[in-house]
Structures are given as structure tokens and as C-alpha cells.
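One structure is given below, represented as C-alpha cells, and several questions about it will come after.
Chain nomenclature is as follows: A, B and C, assigned in order of appearance, with residue numbering initiated at 1 for each chain independently.
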Amino acid sequence: MMQDTYNFAYLDEQTKRMIRRAILKGLAIPGYQVPFASREMPMPYGWGTGGVQVSAAVLTPEDRFKVIDQGADDTTNAVSIRSFFERTAGVETTTATEDATVIQTRHRIPEQPLTEDQILVYQVPIPEPLRFLEPRESETRKMHSLEEYGLMHVKLYEDISRHGHIATSYAYPVRVEARYVMDPSPIPKFDNPKLDDNPAIQLFGAGREQRIYALPPYTKVISLDFDDHPFDPSKADQPCGLCGSNESYLDEIIVDDAGNRMFVCSDTDYCEKRQAAGHKGKFAA
Amino acid sequence: MTPLLSVRDVAKHYGPHIGCADVSFDLYPGEVMGIVGESGSGKSTLLNCLAGHLAPDRGEVVFDTRTEGPRDTVTMSEPERRMLGRTDWAFVHQHARDGLRMGVSAGGNVGERLMAVGQRHYGTIRQTATDWLGRVEIDQNRIDDRPTTFSGGMQQRLQIARNLVTGPRLVFMDEPTGGLDVSVQARLLDLLRGLVRDMGLSAIIVTHDLAVVRLLADRLMVMKSGRVVEQGLTDQVLDDPQHAYSQLLVSSVLQV
Amino acid sequence: MIELKNVSKTFTLHNQNSAVIEVLGNVNLTVAPGECVALTGSSGAGKSTLMRMIYGNYLSQSGVISIDGTDLVQAAPRDIIRLRREVLGYVSQFLRVVPRVPTLDVVAQPLRSLGVPAETAENRARDLLSRLNILPSLWSLSPTTFSGGEQQRVNIARGFAHNYPALLLDEPTASLDPTNREVVLTLIEEAKARKSAIIGIFHDEAARSRVCDREIDVSRFTPALAV
């Protein structure tokens, strides 16, 4: 019934062509923000309209689709985007990272290493890393085109002067192939090393801001830092309370009114697989 | 000796209105030149043409670059011009907030140009910023405060530090003491004089305040209706003005 | 050292129907190293005007003013500035300084602008201020608040900080007490002994006859008076 009403994956083919062109240009110029004519989507801005349009443009009927929100497959945003494409594209969906061919994500990169057969689509709220200090778009574009990136380090300088270390812990700016400075979307800096030399295609969509940018497979991505304050992709110094993993990125959860807390993997698929394999943390049931 | 800046026949029109026209002069290393004239005389237009903020309609602005010798900055590529703008040139705005990043600490403001030219050692940047705050007489404990918490005079001194930290050779100043209390002006002028002498700077100062040019400028250019009507040694132009307009300008100043 | 040939000076007053006033004409004079020449003539004869022309402060309409080989009438501003920094000193009747700058720095400034290290320049400044009886307690204050006589002595100290080969003195002993007058005359004699060429205006006749080798009456260069 839906197939009679909607084109495959909601967007009409002309719009998909336009978005694919933007994606191809983005892949050809890694880290460069390509403007595109963002469409109205049946969800509010800030809920992943950019990511959804990119996903719609790259999905094929054979794809298996996964959506995560802060690492979790079962939050409102992830569930509703997944069901959106189930209804408008009829594609298979999955929560297993290794089974997915297209993964749309908000604020995380899966713990399971990605492969050349996968596409990771990021939802991006603010694509312009320089905006924090230079609000004029005309000026930031010029700064990108002329590689004037001193300002990016001013942001890090301010961090160190105020906190004694680089306190930026998410949306940590990176330099792509020694050329463009890029906002990796609000992923934790813990995930930044995974951006580098990744076999998967990484696509970034900002719906409200009407920008698409991309990292082709195996792109060199370096996190900005100072010689005497090197980049440190640290995380909470705890094992996961449920699966006991020491390697994964953790969310802090308040568990009772007394303020007791536990740390658990933010990547639910990774955590559940480990628990299924018999790994146990100290809070495991 | 090669002039540091050689200006030839620069003109800028706004439609039928003349911004500035027929301006030519040579500025030599270590020279400080004042440009005076009333509001609308074209002195700010000229300064912006010289500093690369405005493209003149005609003429040459030849700067003696460190690596390639004299180059016309009007026809050089924008990246090259902008590179000059953060290395060998400095621009001090009348309103400090136009020349500062108000949301960034004093240290970050001073350090920006260092980072822009590739300095990547936090400790070194901070030490340099601390030194410069001292040189412009700002308490070094204020290094992490934002300029919004500074007085007007402090903001202006911070702007100067931010501009001079990379050791430029040519400084453009647009009414650097405008809008400041007289007592604050005096301190700023003294500071500027000391910096100009110690760093061997060349400078072009636009102002309508004749007292400022008497104290800072070696030579003076008087502008009226977009054209230079008289130029020469500062004290000679002020004490023995030749052109009718210069005489009017000098005689219009209230004697204190 | 100082040589003027056929120098003339007119003022054109544009705001008074462009009235042209001929102030000085056909000025010829020479001052040799080690010589002190007094400019004389009645008030309004143009002594100070001539002095200012020799300093490059007033523009001469024609002729040659050669100092140490540089023609001030034709020289570019930077050449005049270099000449003033290295060769040509001038003690005017009035002290003109940046407000709030300490007296010691004011006096040391001519040496500092020649690149002399701060300590050397300040030692010289202390020496001169002491000789001219400016109390050490005043050295860290700006001279703008000083009495007329004190300001004049600071002015003289600054003018003698560097050993200029050519020196212009406009009433250097005016408003000075006998003790300080003696100090200033000694300074002038020392400058002569160092072979400085000096031109001075002295109303103080005794001072004039003590330090000056010859007198030149400026009235003979004054067209208005000569008629």
C-alpha cells in the first residue's frame, strides 16, 4: 500500500540524484562541506533529517539497515527512523553491526570495526567547526578555502587555559588528509581514532544546515592538538557494568535515588553480544 | 633604500563620489606617517585600500615582502594578501571590538596570530602571550579573562598586543586613540611610541586628532575631498602649513 | 657645518585674503664647527623664524640650507628626521612632551632613538639632570607639572643629551637663576670644545658675549624692515 503512495525510500528520484551528486562531490573532496537542497522531511530538524536524506539516497532494496542513537538501537529516535525506512523502503533492518550494510548513527561509531561493504551515515547538527569563533559563513568558507585554520587551535587553547587540558570531549575537530578541518559530528572524542583509515564509507548529513560531507574509505583523519597537549581519546576509566568490557565507550547511569551509578557500554549491540558470549560485569543480573 | 610601501596613483570611487584619488607616496622602513583630514575626507577609505580591505579602482600598492621583494598587493592573490595580513601587516581598529574576539580570553586573542602561522606548542604560545600583556601594561593575571571585562583603554592595548605579536613590519592604525579618555590616550600614545621605536615599525596612522600625529608621526599627509592637499614633515606641516585647507585645519584646533 | 645660501621665507595667509608676507629674503650665513654664532635683531625681526627654518620646522621658499651636506629645503622628511636624530639638535623655548612620561625618559629619549642602550642613556640623563639641579625626587615624574624654570632645564638637558655636531639654541638662559645659567653656559662651552657648530638667540648680553664668536643681525634679511 505504501509503495503505491511513496517512491522507494520516501524521496523522489530527482532529489536522490541531487543528493547523490553532493555525496559524490563530498567523497571526491574529503572533509569539504557540499551544499545541498535539503528537503522537508516528516520529522523535526534536530532529529536526523540530514542523515535520513543521505540514507534515503544511498539505500537500495537489497540493503540491510541499522540505526543507532548514542550507540543504542532501542531509543525513540533510532526506533522511529528504522520504522520509517521499513515502511517507505521496505528494506530489511537489523541491530547487529556486522550484518548491516547501511548504518545511520547519531553521536557514535559502533565498537565493532566496520568493513569495506558498509556505509556509515552520521546525523550532523552543526557542520561548521569554525562557527564557535567565527559566526560569519562567508568568512568561514574563505578560511576553509585558504586553509586558515589558526582559529581552530584558539578553541583548543581556550580549553587548556580554562581547564588545564583540552576539555572538548565530543565533536572534537579533525584535519582530513592534511587539508580540510572537519567537525566529526558530536561523537565522543573516544571515537575519533575510528574515523581514521576506516574501510567503510563515512557520510555526514546536516539537514537544517543543508550540508553534506564525506570520508571515503581509508582516509587519513587526524585529531587537532598541541605538541605539549597531545590528543587523548580517553573515556571513563571503568569496565562496563554489564559486559565487563574495558575497551568500549561507556555511558554513566544513575541507578537509584541515592545517587549510585554504574557505567555501561553505550553500544547496546556490542554489549549484548558480549553478554551472550558469557562476559559479565559486576552489575550483571 | 627600497621603500617598505610604495603607493602609486591609488583611487577609489563610490559611484560618482570620490573616495580617494591620485594618492602616491613612499613609506620607508621605520617611518611613521599620519593621515589627517575631516570626516569624509577619504582618509579611512585610503587606509582600507592600502591594507587590502578595499580593492582600489586603480593604482598600485607595492609592499616590499620578506621573501620576494616588492609586490603589488592589489594584484596579488587573496591568499597571499591575507597571509600578509596576519604576518607582516597589522591593523589596529578604532573600536577594539572590531579587532578583538570578544568571546575569547586575552591570551587566546594574543595567541591567535601565532597559531595562525603554525605555532603548535601551548606552553610557548602562552608564554609569548604573557610577555606581550606585560609589554602593553596589562596585568598578566588577566590572561584568561575575556576582553568584555576590560576597560576601553585595556581593550585597545590588547588589540595592539594581538596585532604586534608576530612582529609585523607595517602597522595600519585607524583612529587608535578615538573614543578613549584623554588620560588613557596619553598612556596609549606613549606605549605606541615606545613599541614603534623598539620594534622599528613602520606605521600609517589615520586620525583627525592633530595632537596624536604630532606625537607619533614623522610625516604627515593632509587630505580633503579624497585628495592629498599637502604632505611633509609633521611639525613643518603643523607649524607652517602651506595649503589653505591645512591652515584652516591647524587654526581650528582649540589651544589648551 | 651649517651653510645658508639665498634663503627666503614667505607666509601666505589663505584665510586672510591670501595675504603674502615676506619675512626673510636673501639669507646667507655660514657657521663652522666649534663656532657659536648669535642671531640678533629687534623683536619681530625673524630670529626665531630663521632658527625654525634651519631646523626644518618652517618651510623655506627658496635657497639652500645645508647642514652636514644635507639640504633641508629639498630633503625628504626621513632625511630631515635622520639629520635631527644624529646631527642637528634644537633647544626651543618651550618643552613639548608626551604627558605622563617620566623626566628621566624625556631626557634619555634622544639617545634611545639613536639606539643607545637604556642604561647608558639613562646614566647620561641622570648626569645632566644633576648638573642642572633638578632634584632626583622629580626624575620619575612627568615634567608637564614642573615650574617654568624646571621645564626649561629639562628641555636643555634633553637638548644636550646627545653631542650634536650642530646645535640651535633659542633663549637657553632665559628664566634661569645665576647658578643654572652658569651650568648652561658651561654646557655650551663644552659643546664648542667638541667642535659643535652652534647658532643661538640670547637676550642675555653677557651670556652672548661670553659664548658667541660673532653676531649676525637678522634685520638685514628682513625685506619689510630693510625698505
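The rule is simple: a residue touches a chain if its C-beta (ideal position, glycine included) is under 8 Å from a C-beta of that chain, and two chains touch if they have at least 3 such contacts.
Keep in mind that what you see is a predicted model, and the values were worked out from it rather than measured.
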Completion exercise
Top of the farthest list for chain A, CA-centroid basis, is C
Practice task
Could you say which chain's mean Cα position falls nearest to the mean Cα position of the entire protein shown?
Solution key: B
Problem - Length of the line joining the C-alpha centres of chain A and chain C, rounded to whole Å - result: 76
Handout entry: Inter-chain centre distance, chain A versus chain B - centres from mean C-alpha coordinates, in Å
Key = 46
Problem - chain B and chain C, separation of their C-alpha mean positions in angstrom - result: 32
Handout entry: Touching residues on chain A, where the partner in the complex is chain B
Key = 133, 142, 146, 148, 150-151, 153-154, 157-158, 160-162, 226-229
Problem - Partner chain A, residues of chain B touching it in the complex - result: 78-79, 82, 86, 101, 103-105, 107-108, 111-117, 120-123, 125-126, 143-144
Exercise for the section: Mind listing the chain B positions that touch chain C in their complex? Expected result: 28, 31, 183, 186-187, 189-190, 193, 197, 215, 218-219, 232-236, 239-240, 242-244, 247-248, 251
Exercise for the section: Would you pull the chain C residues touching chain B in the complex into a rising list? Expected result: 11-15, 18, 52, 56-59, 77-78, 80-81, 98-101, 112-113
